[in-house]
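Read from first to last, the chains carry the letters A, B, C and D; within each, the first residue is number 1.
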Amino acid sequence: QSKTYEIAIVTDVGQLMDKGFNQGTYEGAKAYAEAHKIGYKYYQPANGSDATDNDRIAAMKQAINNGAKIIVAPGFLQATAMETVAKENPSVKFVFVDGWALGLDNVTAIVYKEQESGYLAGYAAVMEGYTKLGFTGGGGGGNPAVNRFGYGFIQGADAAAKEKGVSVEMKYSFKYGETFAASNELQTQIAGWYASGTEVVFSCGGSMFQSVKSAAGEYPDARIIGVDVDQSGESEKVITSAVKGLSASVERVLGQFYDGKWDSELADQAQNLGAAENSTGLPTDTWSLKNFTVDQYTELFNKIKNGEIVPVAEVPEDVTAGWSNVVVTLEQ
Amino acid sequence: MNHDSSDPRREGEGAPYAIEMRNITKVFPGIVANDNITLQLRRGEIHALLGENGAGKSTLMSVLFGLYQPESGEIYKDGVRVTIQNPNDANALGIGMVHQHFKLVDVFTVLDNIILGVEPNTLGFLRKKAAREKVLRLSETYGLNVDPDALVEDITVGMQQRTEILKMLYRDNEILIFDEPTAALTPQEIGELMQIIKGLAAEGKSILFISHKLNEIMEIADRCTVLRKGRYIGTVNICETTKEELSNMMVGRDVKFSVDKSVPKPGKTVLEVRDLSVKSRLHKKNAVSNVSLTVRAGEIVCIAGIDGNGQSEFVSALTGLEKPEPGSRILIDGEDVTKKSIRYRNTHGLSHIPEDRHKHGLILDYTLEQNIVLQRYFEEEFQHGGFIRFDRVRDYSEMLIEKFDVRSGQGPATIARSMSGGNQQKAIIARELDRYHSLLVAVQPTRGLDVGAIEFVHREIVASRDAGAAVLLVSLELDEVMNLSDRILVMYEGEITGELDPHTTTVQEIGLYMAGARRQNPEKGGGAA
Amino acid sequence: MKNSVPPSQAGVLKNASARSILAALICILGGLVVGFLVLLLLTVFAEDISVAEAFSGIVIVLGGPFSGGSAQDILFQMGNMLFQSTPLILTGLSVALAFNTGLFNIGAAGQYLMGAMGALLVSLSIPTTVVPAAIVWILALLAGTLLGVLWGAIPGFFKARFSVNEVIVCIMTNWIAANIVSWVFKSTGDRFINVAETKVNFIRKTASNGVATATLGLDKLFAGSYMDISLFIAILIAVVLYVILNRTTFGYELKACGYNKFASRYAGMNEQRNIILSMALAGGLAACGAAFWCLNGAQDFKWDTYLTLPADGFNGIPVALLASNNPIGVIFSAIFLKHITVGGSNLAAQTSFNEYVSPLIIAVIIYFSSFSKLIKDLLLRRMTKAQHATPAQPADPPPAAGPDKGAADEDAKTKEE
Amino acid sequence: MIFLIQKTLIFTIPLLIVALAGMYAERSGIINIALDGLMIFGAFVGALAALLLRKNPFFVDHNQLTFLLAMLVAAAAGALFSLLLSFSAIRLKADQTIGGTALNMLAPAIALLIIKVFFTKDMLEMERAADTSGTMKDFGFVILHDDLGPIGRIFFDKAYISTFLAAGLFVVLSIFIYKTKTGLRLRSCGEHPQAAASVGIDVIRMRYLGTTISGALAGLGGYIYIATVANGTASGAVAGMGFLALAIMIFGNWKPLGIALGALLFGFLKCLGVIYAQISIPIHGQDVYILRDLDLPMYFYNLIPYVAVLIVLAFTSGSSRAPKAEGIPYDKGAR
């Protein structure tokens, strides 16, 4: 019995259930496929985190052999592989999540304004009354999305601090997060932050959350800000999450494709999704903050939505400089 | 000459034997180690077991001790059939064994080794006090003096030997097996051991005694069973037999005990040692201090001495295994080799029969043939452009095996480990004597060899002397010393304390020097003849 | 002598290496059987998989690249597989060589990283506009290998000089290497990092400097895969190593030191030198494998390695063991492992079995390979039993023990087990 | 500074336990390079146990109890898993490194496969669960002061029961191997099995014992490691901890005390390397972050523990001595 899988997800390095964009993408596709009774399947390039472009190409080819009509591939590392396969298979469509337009009509790209979510999270944390923040990011400082989250986080914190006239300390680090994986080193480092007074840590990268959570476990007053998806279900320590609507947007793109709107709306496009598309923000239905209310949040959110506030996306060389009320200490 | 009747069963009718092994057969790959052998041990007797290397003695004893299972044959204790599956059964039957290679844990104390397996304990926690007293009491009564708290690795071979004996006594065994107990001992220690064994027999313990040394057997044994090539030859009463007859039974021909050699014709000096000193690993003072001696072509110089007086260290320095202290000088054929490598010495006239055949002499996991070319594999004859010429290696080793009658399961391809120790030794001697050498350093070359082999080795050594080699022999066995040497140097506490002429001196005199009771004035000590 | 068995069979069994191969095959078979059972078990738990799929599943795994689909896909997968087994062959050889000298080289991972660093630094910093690419390629290969030689020499030195157990030094040097490599590339900034493709955790592909291993059209033949000639060089190295170990005086020395360093010394060999030499060579082999990987031209090298060691470093151990440390065997065991790996990802891609099945099958095979000694002994016994039907000596066996000796010998031995 | 000491202790414990595990196997004559795999397996089963237990609110209320039970289960799992090694190494006289290597590969394979099949995840976390009052609680608050109130805060701040358990185990294990009959026999089998056999000791049984104890300890260590040091997740890997423990065992010269010292030294330097940036000393009133302000790259600090071990080894080398018979399959006939 040969099943065909029209919708394919080819994962980026790291595991499928990484609580990050692999999982987000997968769940979006899954949701759409199951709602519309379409066969779907994920493909993990061979050799795990040592996967080469050819391993990705092989995975994509396998997907096509299994009858894939559209391939969703998260992660900028997939550019080379996708370009090759897309050229060879013009009839197959590709969705490049966290990527960019490749100048091919059968490829569409989705990027997010992570800086907006970061901004909102930073602002909320400071408004809630926290003045000692921490940011730990994945990708070793080399992942554009993560960097935007972090930079937005500082901007938000600074804005709020100015407003309240308080001064905020922020530890800022990409240490031990290169592979987005949890590690005893990361846990020890973050525990060190909490021990030396840090109140909230923005855990910005897939499985790294486990390290931050475990570190927080030892400190009753320690708090966490989640990322990508609403992580409040993961730990009672999570005060909020800087989400980006991965699943939603993947689901929507799939919808556009199956409604025959590919050529008109998606072909060779790179949509940059943000508050305007409800693709960035903080989850309101699991709201737990006391001093910073949902209404205050919505007001701020709308300002960003209608462009009154525009968090800067381009991350400068030196993120520590130019803040009035935030002292950023880099750790590397 | 009445041998016991070759049909053992009739013997069985008298008082039952303490141990009777009937028609034991044990086969190993490619060889029948024991072939239908019968052995009868009377209560309270000292029963010697005699045979060539590889005759099957150790194997037979291993069977009795439950280390091997025989293919066929029965074992009776006090007339009752018993099966011995493992050493436990043997221990339970009061059978104890001193193995050829001591079975001691050398990082344990003497006491721990003795109580191992029968540890006195409460709720599993060791209770050593009582055990300690028992051990002291035993060593008191049998005159075995060992310090129960010494680490085995720190004590002499003799003490280890006595530890093994204490192990048996501690377990109140009444059947005691000694597999070549004297092979590793000094004359003094041998003397003591003999007394101990006699004492044990007098106690009513029955003793099986394996040795290649006929004097020892003549001295203490009541009866002697002889094996040859795994077969039962016969059992004789010692009082009714002679060394000659025993050796004849065992080898199947008459054996000469005195080496007949022409008068030496010493030529030019081959080995010259000046002020050689070597640090000691055990104590502060030097193990060897300012030893000077010369050995000339065509003479056999023997270094006599009690084990542990620096002979080993001296040889190590001489052969390059150890670094001598500054100021020492070693010349071979007039060339100073003090700083030269072992390889250089080996290729410039030095042959060395090492003291420890398993540590230095052989690579036990290499085949016999690989061991035969251990110092020659790089010579033109055996390699070409770095590639070993296996055909030649095979031919050469087959030749040596033939010439030196080295016995083993699969000939040149036998793994050295599986060879009987005696034959391992023969292989080493063959290798060293057949290499070109102007100087032969032989340390206890006949340890663990049977009389036939000893005779052979001695002949070969003399032959190499007559061929113009200088021979330096280090031996603990006085009759070997007397038989073989042209000059005797006695080493005591790291110094040459006397030079003696084998024709004029006596064993007693040498003994005095070895014991340090007498010494010649240093100048003469080690002076060139 | 062995008239009681068909000479052919006895002949086969007599040959030691034939016995090893046979044993290895039996082990692999056992591993696959267990793997199949695992798949069956999974079909029970995962409702969306039918029992029938278990069988097709094991076939897919066993098929490796051959279960890749169209001829093109097969060639493509096979090319990649062959290329990716090259470093594995070399780390396997590295471990095997050390084992032959009685040393356990668990430091291949670190040596591998050093090799990669050396090769990349050289191949990316010498402009091919000045020096011909071919020369740069060779220099890079040498540089990488040399770094590995030095790195491998460290445990060797510690063992020879201070008699420190090589295992501990290897483990330490692994992590030291991991940090040094990251440090070096971090501090050289963007000179080597792949900014062009915005892959800042990776080092530039050597092709960006025009340096790449010759393919002689193999990449085309294998449908645009990574295939290049490095595999053949690796095989050549394996053969040379085999000859060195078993035919040359050098190999004789290395093994002698492995078995008994005192006796080797007595025989005039320089055992300290041999220990260092052997570890250094082992290091060189592992590093060479890394160099081949990087110099392929199309490979990304992740420089931020200080928290993780390259898998190929450790996989060298099972590869060597599966081949019972025989250099020729290593070629096959390495390719076989990659083969199963590819089969595994095809399995995940084509069925509903997940990607964790093939590692399990591989592990089981390795475990079964520990039975190979037993199997070899059994094979050997079949032979010796035949021989004992008429024992070597004495000429005339005593009637008493004569007839059933063969059998008696059998169970005597089985008791000894 | 206090933080550094706390962390050092927490980090040292699993290292110590697992190194002791290695010691018990090797003292009985079996080289156990499977420590890594055993840790992984123990960690997995322990996490699984905690997860399942916490489906019952009672165990959510009683974290310490749950933690203890999970540790027990992990140890049992390790012991069982180690039988695979004993069987091949002792019964089949196989090369011990093969068995060990196989276990190192089997453990993650089994763990990940099961996690994927039954939880459709890639790693097993100690998830939140509802306590008796129905509120969702994290697992990971296993530090003692939480349960012991103010007194606890003073004496046991940031301390895990596993720490005390391990300390106790260390004492027991040291006494067992040196002061008991079985300990003596076990050691003799690692040094000279033929000698042991010749006095009627069942070498096979002793080696099984040694390896099984080893397995139990490694499994326990593995779970303690993930529960206290590494993210509370069973992810089919322990970051080479098992091999580090092996190194510590050699470093400690196969002796409990040496191992303890080695583990402490290594643990301390390792933690220092990670949190050097937070270590401050007050100089007239204000905190000065010396190590951070040196601003050497972190790689430098990461290197320290490994380099330190090598340096110490170079000086203490001569004394080092492995059990004589380790790694050699026991064979009655051998001499």
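Please note the rule applied: a contact is a pair of C-beta atoms (placed from the backbone, for glycine too) under 8 Å apart; a residue touches a chain by one contact, two chains touch by 3 or more.
Worth saying up front: this structure is predicted, and the values here are computed from it rather than measured.
**Student:** Does B-C or B-D have more contacting C-beta pairs?
**Tutor:** B-C
**Student:** Determine the centre-to-centre distance between chain B and chain C, using the mean Cα coordinates as centres, and give it in whole Å.
**Tutor:** 45
**Student:** How big is the gap, in whole Å, between where the Cα atoms of chain B centre and where those of chain D centre?
**Tutor:** Chain centroid spacing, chain B to chain D, equals 48 Å.
**Student:** At what distance in angstrom does the C-alpha mean of chain B lie from that of chain A?
**Tutor:** 78
**Student:** Go ahead and note the Å separation of the Cα centroids belonging to chain A and chain C.
**Tutor:** 39
**Student:** In chain D, which residues are in touch with two or more of the other chains?
**Tutor:** Counting only residues that touch two or more other chains, chain D contributes 239, 297, 332-333.
**Student:** Got the chain A residues that touch at least 2 other chains?
**Tutor:** Residues 181, 183, 185 of chain A each touch two or more of the other chains.
**Student:** Which positions in chain C touch two or more other chains at once?
**Tutor:** Expected reply: 307, 416.
**Student:** Give every touching pair of chains, nothing left out.
**Tutor:** Every touching chain pair, ordered by label, is A-C, A-D, B-C, B-D, C-D.
**Student:** Inside the complex, what are the residues of chain D that reach chain B?
**Tutor:** Listed in rising order, the residues of chain D that touch chain B are 179-182, 184-185, 187-188, 191-192, 194-201, 321, 324, 332-335.
**Student:** Show me the residue ranges of chain D that touch chain A in the complex, using the header's touch definition.
**Tutor:** Per the touch definition, chain D meets chain A at residues 3, 7, 11, 120-123, 125, 127-128, 136-138, 140-143, 146, 158, 225, 229-233, 235, 239, 271, 274-275, 277-278, 280, 292, 297-298.
**Student:** Applying the document's contact rule, which stretches of chain C touch chain D when the two form their complex?
**Tutor:** 38, 42, 45-46, 104, 106, 158, 162-165, 167-169, 171-176, 179-180, 182-183, 186-187, 306-307, 309, 317-318, 321, 354, 356-357, 359-360, 362-364, 366-367, 369-374, 416-417
**Student:** Name, in rising order, each residue of chain C that touches chain B in their complex.
**Tutor:** Checking each residue of chain C against chain B gives 247-250, 252, 255-256, 259-260, 262-270, 384, 387-388, 391-394, 397-398, 400-401, 405, 408-409, 412, 415-416.
**Student:** Which residues, counting only chain B, touch chain D once they are in their complex?
**Tutor:** Against chain D, chain B makes touches at 65, 67-68, 86-88, 91, 97, 99, 101, 103-108, 112-113, 116-119, 121, 124-126, 167, 417.
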